[in-house]
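A, B, C and D are the chain letters, set down in written order, and residue numbers restart from 1 in every chain.
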Amino acid sequence: MAKQLNSYLHKVQYYETDQMGVVHHSNYIRWFEEARTELMDAIGFGYARMEEEGVIIPVLSVACEYKSMVKYGETVEIRPVIESFNGVRLTIRYEITDAKTGELRTTGESKHAFLNRAYRPVSLKKQHPEIYELLLDLMENGVKAEK
Amino acid sequence: MAKQLNSYLHKVQYYETDQMGVVHHSNYIRWFEEARTELMDAIGFGYARMEEEGVIIPVLSVACEYKSMVKYGETVEIRPVIESFNGVRLTIRYEITDAKTGELRTTGESKHAFLNRAYRPVSLKKQHPEIYELLLDLMENGVKAEK
Amino acid sequence: MAKQLNSYLHKVQYYETDQMGVVHHSNYIRWFEEARTELMDAIGFGYARMEEEGVIIPVLSVACEYKSMVKYGETVEIRPVIESFNGVRLTIRYEITDAKTGELRTTGESKHAFLNRAYRPVSLKKQHPEIYELLLDLMENGVKAEK
Amino acid sequence: MAKQLNSYLHKVQYYETDQMGVVHHSNYIRWFEEARTELMDAIGFGYARMEEEGVIIPVLSVACEYKSMVKYGETVEIRPVIESFNGVRLTIRYEITDAKTGELRTTGESKHAFLNRAYRPVSLKKQHPEIYELLLDLMENGVKAEK
């Protein structure tokens, strides 16, 4: 079974531009989040479920490399891919391309931990095995078509 | 005793501009909030106190008229003035001018209610008389110099 | 032929929430813009065309009334309707409802002028008759289904 | 002569929080920019001068590590330091601490190039020697007290 990469489309908004006539660089960090939450939704581990289970996934770090500029009027495609996951830490890589031409715009990365409601680290494997399996499967097989 | 108007300075940030080369119109709504919270701090009724007393002040409406454009490199002065207050509802007027030239940039208004922790309306006069007096005094006399 | 209202869906993003656990009130102003530009695209008068013709449509004023709060996990439907248009000034009304329940969240309004590249007012009727007709038709008949 | 580090204060705004009750992680990228432009202003190479000389300084990459969370009601101190500069590339490191307690909140980095108005790389050393000297001096000696 071939990997099925999740991909998320974002139409650039006017309020995202700056006076250089391109999207302000801080917005890509927000687009990463959009794609990430969409990905979590897609595997059945969206925010509502997360809240219900009492799992918080803070951002430990982000990094972003700007390859070419995105302009108003364009739509970008954001592909988040699980780069590593061990039940305690999660690293997601992002690739942003122009949705029409496929030209690479940005690459980036975010790192995450898993906390409980008391903001203490949790081991998903032990305490939330079902979520652990979902994320492991996502890393190994991507998002399934039938989802 | 003369009225002492509170005034708040905001240096325009690059990320607040849009590709028309001016500050994006949505940011003025945020500047109103900056000036409003500064005003509340100034009369000793800042967020920490508000939380402690269990009073929430949601925004019921905002309005903003753009008179002339604000650009990067400029600093604006925002003057919030209590237009009306009756213990149940609060209306604040804002005037944004260029800090250097005094040229009028924007006028606006926000309306607010007072809720308790259960999101039910409260009468400040009955339930939080000290805050009621603070706001009444603010409306009538402005921010005191000695504060 | 019945009026065909344009409607625009926006999925609430996590970065749009504030610590009250709801969407920050400044974001609705941005959603109005999203719906407005979508509407302009829909009638064939998007940003690219506007630039080509040298027409700038600044925001003269905005107003927004918050009826009920929008939360993360929800999707809103934004309906912009041309309230008035005379070739020189344009007023757009907005209604934001919950996409699932239809519950009213927000109503608002934005007013606009038409300027040329030199930031001087233009009369669309005289100088850009085709755009004038497009907007007049939009006001009278809404967005056509066949578009 | 001791190095004089530039430091910039930012009071957290309510609209910068998210529903986790802390500052949304994308805002730190904006704070880096605030501190960076303040630094450039401090050495006499602010945006107006940059425009006049026709030098554009795009962001090539950003990275940010979140050490502890920043909350509404707090003020942060942001210290940008030139980590490397060779006339063609510039790397700035940032340290964000709580202004009151000094507790470390965030560290980060941004990388920049220098372009002319035609978006072509320029060598500051050859084409803008005065700016080159300013930045070199900033890297070696920090911001002077007498500035």
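In the analysis below, a residue touches a chain if its C-beta (ideal position, glycine included) is under 8 Å from a C-beta of that chain, and two chains touch if they have at least 3 such contacts.
Since the structure is predicted, the reported quantities are computational estimates derived from the model, not experimental observations.
Relative to chain A, the chain whose mean Cα position lies farthest away is B.
More inter-chain C-beta contacts link the pair A-D than the other of A-D and C-D. Chain D has its Cα centroid 27 Å from the Cα centroid of chain A. With centres set at the average Cα position, the gap from chain C to chain D is 36 Å. Chain B has residues 14-15, 20, 26, 30, 33, 72 in contact with two or more other chains.
Per the touch definition, chain D reaches chain C in the complex via residues 14-15, 17-22, 24, 26, 72. By the touch criterion given at the top, residues 20, 25-27, 29-30, 33, 56, 58-66, 69 of chain C touch chain B in their complex. In the complex of the two chains, the chain D residues touching chain B come out as 13-15, 30, 33-34, 37, 46-48, 72-73.
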